[in-house]
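Chain IDs A, B, C, D and E follow the sequence of writing; residue 1 opens each chain.
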Amino acid sequence: MVEILLVPLITAFISDIFIKNKRLVWFLFLISNGYILYKLYSLYGKWDLTYILNTDYQIFGAKLSLGLSNNPLGWYFAFFSAVVTLVIAIFSIGFNTNSKGNVAPIWMLIIFANLGIFYAADWITFFMMWELMGWTSFFAITNGNTKALDGAKYYLALSLLGGSSMLIAILLLGAYTKTFIIITSAYRLIQLFNLAEGVFTTILLLFIMAFFIKSAIFPFYMWPSKVYAVGPEDYIAFMSSVMIKYGIYPMAIFIVPVIGNLQLPKIFNAGNWMQYFIGYLGALSAVVGTLLAMFQTDMKKLFAYSSVANMGYILLGFASMSIVGFEGSLFHVVNHIVLKAAIFLSLAAVVYRTGESEMHKLGGLVYKMPITFLTFLFGIIAAAGIPPLNGFGSKWMIIQALMEKKMVVLVISMVFASTGAFMYLFRALVSIFLGQLPERYKDVKEVPYTMSIPMIIMMGLMLLIGVVPGVVMKPLTIALDALGYKVDIATWTTLSSSFKNATIDLKIVFYMFAMGIVVAALMYLFGNKSETIPQHDNYTAGENPIEWGVDADKFNYSYSFYQPFKEMFDPLFERISIDRFFSSIGKNFEYISPTIQGLYKRGEGAVLLFSIGVLLFILGGWIL
Amino acid sequence: MKDETSVLVNIIAFLILFVIGIYIYSVAIDTGAGIKITDNITPTMRVADKYLNKNVLDDNSTYQWGGTAEDTAANIVTSVVVDYRLFDTTLEVIVLFITILGFGFVIPKDKRKIIKPTTILNRWAPILMLLMLMIGGYTFINGHLSPGGGFPAGAIISTAILTGVLTGRRTISQKSLKIIEAITGISIFSIGIISYFLTGSFFQNFILNDKIGDLFSGGLIPIFYGLIAFKVAAELSNIYFEFYEE
Amino acid sequence: MIAAIRVFGYSLFAIFIGLLFMGIGRKIIARIQLRLGPPFYQAFLDVGKLFARKSITHNFVMDLGMIMSLAGLLSTMLFVPVAGHMAIKTSSNLILIIYLMAIGHLGMAMAAAASGNPNATIGVSRALTMMLGYEIPFFTVMLGLIIFNGTSSLELIAQSQAGGILNWNMVKFPLGFLAAEIALQAIMGEKPFDAMVAPAEIASGPMVELGGKYLGLAFLTHAVSIFVETGIMVNLFMGGASNVFTFVLKQFEIYLITILIEAVFPRFRIEQAVKFLWTVPMSIAVVQLAIILL
Amino acid sequence: MNSIVFLVVIPIIAAFLSLFLGKVNKLIAYIVTIFNLSFSIVVLVSGKIPFNVAIGGWRAPYGINFVVSDITIFFLLLINVAAVLSLTTIKEHMEYQFYAFYFILLAATNGMVLTGDIFNFYLFTELTTFAIGGLVAYKRDRLATGASLKYLILSSTASTFSLAAIGLIYKTLGTLNFADIASKISNLNKASLSLILILFISSMLVELKIFPFNIWVVKAYDASIPAVNLFLHGMVSTAGVYGAIRILLMVFSKNSIMLSQSSNIANILILLAFITVIISEIGALTEKNLIKVLAFSSMAQLGIFLFGISLGNYEALKGAFYIVISNYFAKFVMFIVAKNYSVIAGSRNYEDMKGLGRKYPGLAIAFTISALSLMGMPFFAGFWGKLSIVGNALLMDKIAIIGVIIILISSVIEGVYYLRISHTFFSDGNIQDTKLSRINCVLPIILAAVILIIGIYPNSIENIIWTMINEIQNTPEKYIQVILPLK
Amino acid sequence: MTQVFILSSLSLMFIGLYGVLTRKNLLKIIIALNIIETGINLLLVSFGYIDHGITPILTSQESILNLNKMVDPVPQAIVLTSIVIGLGTTAFALALAIRYKITHNSISINASEEEEGRGI
């Protein structure tokens, strides 16, 4: 069991030594990812595997022992992120042939931490892996270019803050429940609820704060847009799809079971106040994420906010606290991993070829990069949750669960967010791929094979999960069953919810869609033949716009795409901005620090401060 | 010109001292149980009682004038300084060595011309130097009998050298002063090491059974005081030579 | 194989009914505007003419887009139970239908954007904003019905309104019906909310570059969308009739209401439309929801 | 056993000799330091610990005595190892005064750790102050004289306070020996005990770099040459830490770990500790000069150490020991790296050191590892310290909880500015390649490896620390009986 | 009688401390330091004071008899060393002050090291 963690560590060390020649390092990276995937596959089903390392370091009187256990939910998260990481690894071989910095060793360390987080048996190991992942991702994001620094600094400060709040929570938990094992601490925490409710809520809130920072939920939704815009694209594909789930995994394994069976009064007999707290935060991050995504001009920032929205959906699933909602959000975790990885791979391909990531400077790439366009289109359809592809299944289950629990406001915000999602996703499709092709990208070619094959694999994955959800739902339900949830094992193609005959068969949906295409194609062939003519000689009635001194892509309407819509929301966003609030905290510290340096620079008040110190001691004696 | 920050600093300083004073006063008149800082501890409870009765090694030994004791110095302060707590004094010598070394190291080397001495000083200089040397010698020789000791003796001897410097006569060169200083320092500590080899523990007095009161009593004390005197004299006169212009 | 024939039959029937409604609709609007108006079968003639004529396209994405839009609408139609029975025996889920409708809009929008004409992309952006506008009130109404009936399958909701006119949802939830009507107006893209096709400002928006068979496909898509939207309204609020004829008649009544409204109203600006949609129908729907919940 | 005094006498004799041996002084320095180190290792191995040496033959409360217990030998080793390592960084020829000051500093720090007499401890502190004053002023330029003078003024006022405290102790308890004071402290009046404590602690906190008393720190570190930085960090603050442990926890605290009955002094200490941490972290946030950043950070680490001690819980004390060890190794690496990089880049501003991490990856990685250990990141030595301090402070009273929260926030700030520095090392810059010999890359890598080993597998350090803690736990048997056998 | 000594030495110390805290000129600060030193020395000696005590020097047999009237020798030993420390600090500080005058061309304590031309 432990060799699955040792392999990435050793490869990280080796590739750090041979960091100079890229080809070997990235090849090693691919092989170790492949090995991890194979190992994870072989671990399926063996849920009692554990590995304990006893240290005689004493904390709260007891000797600390660090452990790894193959818990089913951890396996579920680890396996599907390993699948996607392998695909990204293939992609990044081609992508990194001529990139400056080499992020492979640090990335291997992150994968080590990733597996550690999913397999940690007790809180201390979990925290150790969590913090390791925190600072290694800082180095991966900056990776040598200094303009990435302030975004990465912002992320680092937030993740360290999250880490500290989690440390306090873990230690309080350890002190009051006398154990660090995750599962037993969950049960004892519930009993602790009626003893010391104040401590219970502080522990829970601190945990939730740490997980929300990592998963970019509402109060901390700003860092993805700052970080994804500056990091190396292939690593950002990994980060935006897999690393944003680190907050969700502990929510699923610890917070939801604890909140689930708390004997708290039910509000509108739907759930206790904590469920609503999580639900409303999820709804807020979905709505705010969607609105902000609409107004972005940089494509990576746009998809950063779309990740925030998707995390919101997952939280809404958790808030419903019904088994269908729980399954729906875990299913959405895998869906989001797959579709976000696909989208960011195609973005990486676009940036690899054009080097530009501002949407209004791009356009018309569909004719030059058809495979990238298709992946992006599939990604868009999946992200918007449109049936034939994988996004729909999980959103459907979450909406069903919320409706069944009559959490009306949450359902409405979810639907608002998913239709809004359709708006900004389509906006990205239009500005990057459709419309006029600017002059400077005339000679842009399709990405080489090593990069287009992973994209095709991703397309296939999305379609496969879309049509046959059992590929993900079956292992998920088996894992939940192993964990002790009363759940019936999902069939290959049907998804069911607890409403009266609310089961949908995605296979039939696919057939219906295919038949629709056949009928439409027949209608199309029935018509007369048509000839293709270049784009810019239509509305300009044959004249070439260049004679008017304007080049073609000036006619590309994509700069402020939803201008009227934006004006509706501008007054709202001017007044309250969480982003300004957090960065102002940072600014205050940086504002105070020169005054302190001034105090130490001249140093002539030394004796005065000495006597003030003595005074403090004396006053302490009288006052305290 | 009194700008307002310094006035503010004055007030703050005054306040701080005022509060400290009140605090000390309140501690002094405190009525709690236990020994207070104001009442003197009964003499027998103090460590000094053993030094006075010179019975540190075995508790009930007494001594007579002219008889012998574990430490035969008449001046008990000297016995404490140079015998019972000799290590402090050796460290004291090092403090002086370090500070004068630092002094010489840090002071800028722009030596000033010595103005021509007046005839009176010229005439009386040798007599004065002789007198100072005699008094210095006296103080450290019977430091263990009468008040005084190595440190004041060194200071007096250095004033002799100072008069030599003031009158412009070359009494002793700075180089030789440094050598004296080093030799005396090393010899102090080598005596300590010798006593370690002789008696098993450092700085132990290995000259015993001499009688209290006579000139050569007190074991190693006169030797130590002599060395200290010369060391202090050498160091202090080192300072004068920093300003002396050949 | 029979399933394929049934699907084909259903789609032809839907197209036929759709075009029929369009023709009759144009006739009625003409009559309201005191002019004779084209014969009711005019829509069939147009489609025939369009498919016969040669046409121009810019790239494969336009073709793919148009096919996808028609295919999307058709597959949505296949899930709407017509008078109780559907092309293929499966459960027709409301949420599924809402998301499937998005494919039609996606296809149309993609074709328009691929044409590279700025008017088209402006039209598409307005269409999508409008979609966000009408989606929320429409969904709130549906949410009320789903929670009331405890199921999200359209068939069961239709069957729950069996029996006389008295237990139709239209009667039981008049506010819900009113809100759904206003939202329907926007879904169909009729006059007060047709900022996206706005012929005056952006030369019929997305359809600006379409000619020949592409315009024909657009017509068919519009026809099928009329059929689907009115079909949903009938199932939700008018008890989804026992035989096909009454089903079509009810659909026509719904369509008639929208046509009448369309004939007399000027056009909203896009943000006015969205603001209106989010305030008036939304508040009615919320009141309806509150009634249902309490 | 009596020969332990050689540790102090030999360097002093070498100091006197250094006047004559101009060129060979460096060799003598190496010989004496290695003698000290090997001698303390021999004493450690000899297993006769704990034992007591009476200087001049006079038994304990009356004469001066040297005590060697577990804590003493541990800190002795730390100081002597630090001395040997910092000597390696001296490359160019130094005047003989430098070596004289160095020898005296070595003797004084060893003496501070060994001595069992409070006046002797005061004298050794004085010697350290003068030696440091001299070493800081070694460059004799504008910065060095200012820093040394202001340090001297502050430390001499502080020393008068401690002298007053010693006088009061002698007046009330009649003895100057640590063990004797420890056994007689309980029959002191509460108010006078807190007066004595205040006077003594305020002079000690100057050396422990705690907030109102540490104005001298940044100027002294910035003004002195890199070797002196290492002396300051390796020898002086370790001796200060030893002084705090010995005096606060063993002499004045009766048998309970809390600082004697006056718990409000402990509260004030906690308050000052976490104020120091937050202020020095904020101070370091926008500091450009690398040496000043390290000075601020060492103040913060000592603040956390004091916080750990004054919590009054043995596990928190264990955490404080971890912090001392991790800070000791980490700062060593950082100062050496700072020295090498500032030599290459020509200026102490870390922005001019861009790209050096790519030319000399060993140094930059060692710097990052020690930075992460200071931040308390897992898999590094600092984490274990932070874990037990935070864990136990959470269960204490309100002021401790506020303190822990502030310390965690400041460790976030520390993380931001340290990783920003190590990022500038690794980012691509144009540095003309002045050949830095490979050998001085070796030392930081070894020390970083030590930090990593402690971080990953803390068992070895854990047992050593527990032996020391149960010496503090039962001070009467372990310390007082050794010195004053039951009469 | 001891109150007089203690009070006078305390006042000496406070005057010295006030001087160190408030004066700007370095030489005045060093002098104030000296005042504190003498204050402390007087305080230490006064701790060992006994009413009508005699000096702890044995001059004859009968002085051995009235040992308990002798003043406590240990504070005097401590004072002896602390006087020399006072001397050392003052010498070293004065040397530094002279060099400070040259490098900062100003004798005031708040002449800053980094920025040029500040401080009187």
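Methods note: a residue touches a chain if its C-beta (ideal position, glycine included) is under 8 Å from a C-beta of that chain, and two chains touch if they have at least 3 such contacts.
Chain-to-protein mapping (UniProt): B = Multisubunit Na+/H+ antiporter, MnhB subunit; E = Multisubunit Na+/H+ antiporter, MnhC subunit.
Remember, predicted model here, so these are calculated numbers, not experimental data.
S.K.: List every chain that touches both subunit B and subunit D.
M.R.: Where subunit B and subunit D share a partner, that partner set is A, E.
S.K.: For the pairs A-C and A-B, output the one whose chains share more C-beta pairs in contact.
M.R.: A-C
S.K.: Farthest chain from subunit E, going by mean C-alpha coordinates, please.
M.R.: C
S.K.: In terms of CA centroid distance, which chain is the most far removed from subunit D?
M.R.: C
S.K.: Compute the distance, rounded to whole Å, between the mean C-alpha positions of subunit C and subunit D.
M.R.: 79
S.K.: Counting only Cα atoms for the centres, state how far subunit C is from subunit E in Å.
M.R.: Each chain's C-alpha centroid was found; their separation is 99 Å.
S.K.: What is the distance in Å between the mean C-alpha positions of subunit D and subunit E?
M.R.: It comes to 29 Å between the two C-alpha centres.
S.K.: If you average the CA atoms of subunit A and of subunit E, how many Å lie between those two points?
M.R.: 68
S.K.: Spell out, as numbers or ranges, the residues of subunit A touching 2 or more other chains.
M.R.: Within subunit A, residues 601, 604, 607-608, 611-612, 614, 618, 621 contact more than one other chain.
S.K.: Got the subunit E residues that touch at least 2 other chains?
M.R.: Residue numbers touching two or more other chains: 17, 20-21, 74, 81, 85, 88-89, 92, 96, 99, 109, 112-114.
S.K.: Could you pull out the residues of subunit B that touch at least 2 other chains?
M.R.: Residues 9, 12-13, 16-17, 20, 23-24, 40, 46-48, 51, 85, 88, 91-92, 95, 98-99, 102, 104, 106 of subunit B touch two or more partner chains.
S.K.: Where do chains touch, given as pairs?
M.R.: A-B, A-C, A-D, A-E, B-D, B-E, D-E
S.K.: Tell me, which parts of subunit D touch subunit B in their complex?
M.R.: Residues of subunit D touching subunit B: 2-3, 5, 9, 12-13, 15-17, 19-20, 53-59, 61-64, 95, 97, 100-101, 104, 107, 111, 119-120, 123-124, 126-127, 130-131, 133-134, 137, 140, 145, 148, 168, 170-176, 187-196.
S.K.: Under the touch definition given earlier, write down the residues of subunit E that touch subunit B in their complex.
M.R.: Touch list, subunit E to subunit B: 2, 10, 14, 17-18, 21-22, 24, 48, 50, 55-61, 63-64, 67-68, 70, 72-74, 76-77, 80-81, 83-85, 87-89, 91-92, 94-96, 98-99, 102.
S.K.: Would you tell me which residues of subunit A are touching subunit E in their complex?
M.R.: 601-602, 604, 607-608, 611
S.K.: In their complex, what parts of subunit E are in touch with subunit D?
M.R.: 13, 17, 20, 26, 29-30, 33, 36-37, 39-40, 43-44, 47, 74-75, 78, 81-82, 85, 88-89, 92-93, 96-97, 99-100, 103-104, 109, 111-114
S.K.: Using the touch definition up top, name the residues of subunit D that touch subunit E in the complex.
M.R.: Residues in contact with subunit E: 119, 123, 126, 130, 133-134, 137, 140-143, 145-150, 152-153, 156-157, 159-160, 163-164, 166-168, 170-171, 176, 219, 223.
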